[in-house]
Amino acid sequence: MQDAKLIAKTHAEHTSEIEIAPSTQLIPNTTVGGQDLFIVGGPCSIESMGQMEAIAQAKLPIQGVRGGIYKPRTSPYAFQGLGDVGLDILSAVRNRHGLPVITEVMAIDQIEKLSAHADVLQVGSRNMQNFDLLKALGDSDKPILLKRGLAATVKEFVMAAEYIASHGNSNIILCERGIRSFDSYTRNVLDLGAVVALKQITHLPVLVDPSHATGKRELVAALSRAAIAAGADGLIIECHPEPDQSISDARQTISLEAMANLIDSLVPIAQAVGRTVRHHHSLGLAA
Amino acid sequence: MQDAKLIAKTHAEHTSEIEIAPSTQLIPNTTVGGQDLFIVGGPCSIESMGQMEAIAQAKLPIQGVRGGIYKPRTSPYAFQGLGDVGLDILSAVRNRHGLPVITEVMAIDQIEKLSAHADVLQVGSRNMQNFDLLKALGDSDKPILLKRGLAATVKEFVMAAEYIASHGNSNIILCERGIRSFDSYTRNVLDLGAVVALKQITHLPVLVDPSHATGKRELVAALSRAAIAAGADGLIIECHPEPDQSISDARQTISLEAMANLIDSLVPIAQAVGRTVRHHHSLGLAA
Amino acid sequence: MQDAKLIAKTHAEHTSEIEIAPSTQLIPNTTVGGQDLFIVGGPCSIESMGQMEAIAQAKLPIQGVRGGIYKPRTSPYAFQGLGDVGLDILSAVRNRHGLPVITEVMAIDQIEKLSAHADVLQVGSRNMQNFDLLKALGDSDKPILLKRGLAATVKEFVMAAEYIASHGNSNIILCERGIRSFDSYTRNVLDLGAVVALKQITHLPVLVDPSHATGKRELVAALSRAAIAAGADGLIIECHPEPDQSISDARQTISLEAMANLIDSLVPIAQAVGRTVRHHHSLGLAA
Amino acid sequence: MQDAKLIAKTHAEHTSEIEIAPSTQLIPNTTVGGQDLFIVGGPCSIESMGQMEAIAQAKLPIQGVRGGIYKPRTSPYAFQGLGDVGLDILSAVRNRHGLPVITEVMAIDQIEKLSAHADVLQVGSRNMQNFDLLKALGDSDKPILLKRGLAATVKEFVMAAEYIASHGNSNIILCERGIRSFDSYTRNVLDLGAVVALKQITHLPVLVDPSHATGKRELVAALSRAAIAAGADGLIIECHPEPDQSISDARQTISLEAMANLIDSLVPIAQAVGRTVRHHHSLGLAA
């Protein structure tokens, strides 16, 4: 296999800082890959305005909110996301609270619509090698959050990012979210070795999603601390005002209070590795 | 997870026979899932008219020819397939020799064009859970060859097929092509237990691709025999007039002579499990 | 890693035929690795004299009977086998019916005692790299049935056999019994590609255990046929007079009637690949 | 499967502190599982007195030294360890410097001899389910370092420890050392989720071996920090005065200087999770 070109590190200190939503007045300037950690919280699926408002009003020290609108589900008969209604909710919360939002894009024809309302477009694990989607996102200039495939090697993950870069978009954020293994004790196995390797191979920021990696909420906080200690540039964590009421992924979702405590516990870890945890950035627009 | 509905077996003898190219005069009637095995040969990628003519003129006892036009490649810098030129070659060979052709569809906007020239549209492993593609193929009536994902469970594979069926297209052929494992001796591990399980769970035909499963040409013939003995409805095998000259997957590609010998060796195995190997079906149009 | 020396094939037709119990008048001469398949049946654990008598009296066309006396169990609180009482049962059945017996050896200090009563000593998957046990078995001249480890690569498996050979015992029979994977639909994944590879790398006979490989009795017969078609030299199958009453592994154990039908279905497959299924070999001593 | 009894946590704060070498005047009192981290360094294999002296004289802030005497190697033709000569070296270094030593026991008949010279007996990954060895170690009162099997589930690992405990020895230290995966980029995948889970399931201390987990020295330091942040009670790291000269595992072995820097970097991480890194404990006997 040929090596990565555009996203490969050229020297040890070569890192990229990706700007999130720099062009919108409502959204404060946020970057990924600099000294500040980029911590994202939110539900697996957007379920209602009330749900999203509760998260925004909790004033967690997060730099982005996530929530699925179109959901990739194993079964065609499972909840497929709110669709366009979800987009309206996402957009309203974003504008009211000035929180950058991240949502998943599953098809080329969703790119334009989602780009108008979201600050980061996520490519899910199942689409990591949907090369036509990657190429189309390469034609965009939106920041892309590329999640590692369920059984993708480090090299395949790197080359998937290279697809996006080779089509013109270098605003790429990688995300390790657990890989498949023989052990069903956890849903997947969080591969922090890959995070360290990715930081050595590429200049791109690397996030960690401990929620999908383990599928068990009681493991999320400790693994979040481990991820930051390993050098991750941030986290994506599933949280919900009422975790047990989540339509999807309830078992791995933590409460907003647990989320606040988790972030508190990251502060000294971040400091130990030369990083910082930002306070809540809200513009106070909702006040 | 909810169970499959439309593709689930309702009784032990419940099997579907999928018609290939029934509406074209040039193509003799072929089915998959009946008593006759469905054996497909051809190169990983379509490279030239000469290559495809050599395969067609070998008059192998195959019921279809495969060849990639748009290739999903790990690296954006690797050969991506001939594209539209390949489609012309495929179409010419199909019309001249009356051989049903199978090629991979990677994106929704390729469906219409490929449908005009191919008899079966293949969904590759990397797209097994590209749900938007599956839904769009559900709106078609073309036979779909759905390959198992690199690390897809049997249940996920079944539900991916259910996506297609739930959108209206029940002409689905499953294909086991090896799964990822810890052992790099073979490229993947052929999971014949999954083939047996799929035949018990669904009424759909199930093929086996021993070439991608092992990545080693010297293992292909014995595993082809094993697949038929296990109850597979057919095989997809990479063969090439000059295997070592293959642009992609040379290591797993066998010669046309080896292909002929392999199919000969299947005859008594097929008979032992109540199946038959058809002779070359050519209409002699090229003569 | 260095390559195998003593067990490596020196030319394509180089195969070893291992003699089972050649020195005992009561046991008819049996070999593994020749034209005749070597088919072994029996329960996971020896439970009672009545159980083993029922199997022997069924006069199945098998060439050996298996049954665990000392059982390796995940939990120290699970049934650990009958121990010495089991040995007496095994020995009595062997002498009465002239059936070669296979049982597992878990520790060096069991070798001498088991060797007096069993014709083949099995090394279980968990002990495949218990190198001290392998060396001690290399000092014996008993045929050794070496099962592949749960996550052993083909190369590690080959080198484990080389340990035995390098200490002086070349009576080694390999056994593929499924490897660990991400899919819990089957207990393990039967790796028939490894069987084909092992037959190409070494001159040793290779058996297949479809019962442990799948953990589901409804998959055993079809995979047995596949194994023989792939070139395996025989099978080890869990069967029991009352499968649902098995103390261990009930879910994967078939009835004696199913076992007889399974072996019947192997006859034409064996013939297709140049092998034969022997009739019941009983000396009629029990009559 | 039945659950663990003796090693199961009975309440959230239930943890065990294992005493290392409490009866020897030469060895200062050391515990594993208390507030102090337990950090072990040393080569894969003991190669010479000079090698071990260089490590001891480096006065690293470690609480134990490791080194293999009898080595489990995939090939019978690979270096199998120095054997009894290695034991003399180990013993001399231990007595001269007062450093607790850890070495691997591979067979029951090595237990007595190794117990006279080592403070902790390690059970290697390949022997995690060598149940006869586990039972024999249960009859000892030596602290046992039990490494997770290459493809052992969390439950199997826990039950292997329960074997030792059920035979009377509760001085058990668990060690996560990476599991097998499909990706050959790293030798194994470090499973820190398992570390967090083990700390929740059992009251035993849990160490992490980042050297074997990754097989790449450039990943060791960051994963060591991650392990401590995740809540591990200590580390086992391969270091060598001349890493590139290591007879085995050179690729994953770090220099003594790198080891010192690594431990320095752990200090603030340890503090962030309420743990401490002890200074060099040497009794100064060598001075």
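We call the chains A, B, C and D, going by the order they appear; numbering starts again at 1 in every chain.
Criterion: contacts are C-beta pairs under 8 Å (C-beta built on N, C-alpha and C of every residue); 3 or more make two chains touch, one makes a residue touch a chain.
All values derive from a computational prediction rather than experimental measurement.
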item: Chain located farthest away, centre of chain A as origin (C-alpha); value: C
item: Between the pairs B-C and A-B, the one where more C-beta pairs touch; value: B-C
item: Chain A-chain C separation of Cα centroids, rounded to whole Å; value: 50
item: Distance from the mean Cα position of chain B to that of chain A, given in whole angstrom; value: 36
item: Shared-contact residues (touching 2 or more other chains) in chain C; value: 151, 155, 180-182, 184
item: Residue numbers on chain A that touch chain B, as the complex places them; value: 1-2, 5, 72-78, 106-109, 126-127, 129-133, 150-151, 155-156, 159, 162-163, 166-167, 180
item: Residues of chain B defined as touching chain C within the complex; value: 151, 153-155, 179-186, 189-194, 196-197, 200, 213-214, 216, 218-219, 222-223, 225-231, 265, 268-269, 271-273
item: Residue ranges of chain D in contact with chain B within the complex; value: 151, 180-182, 184
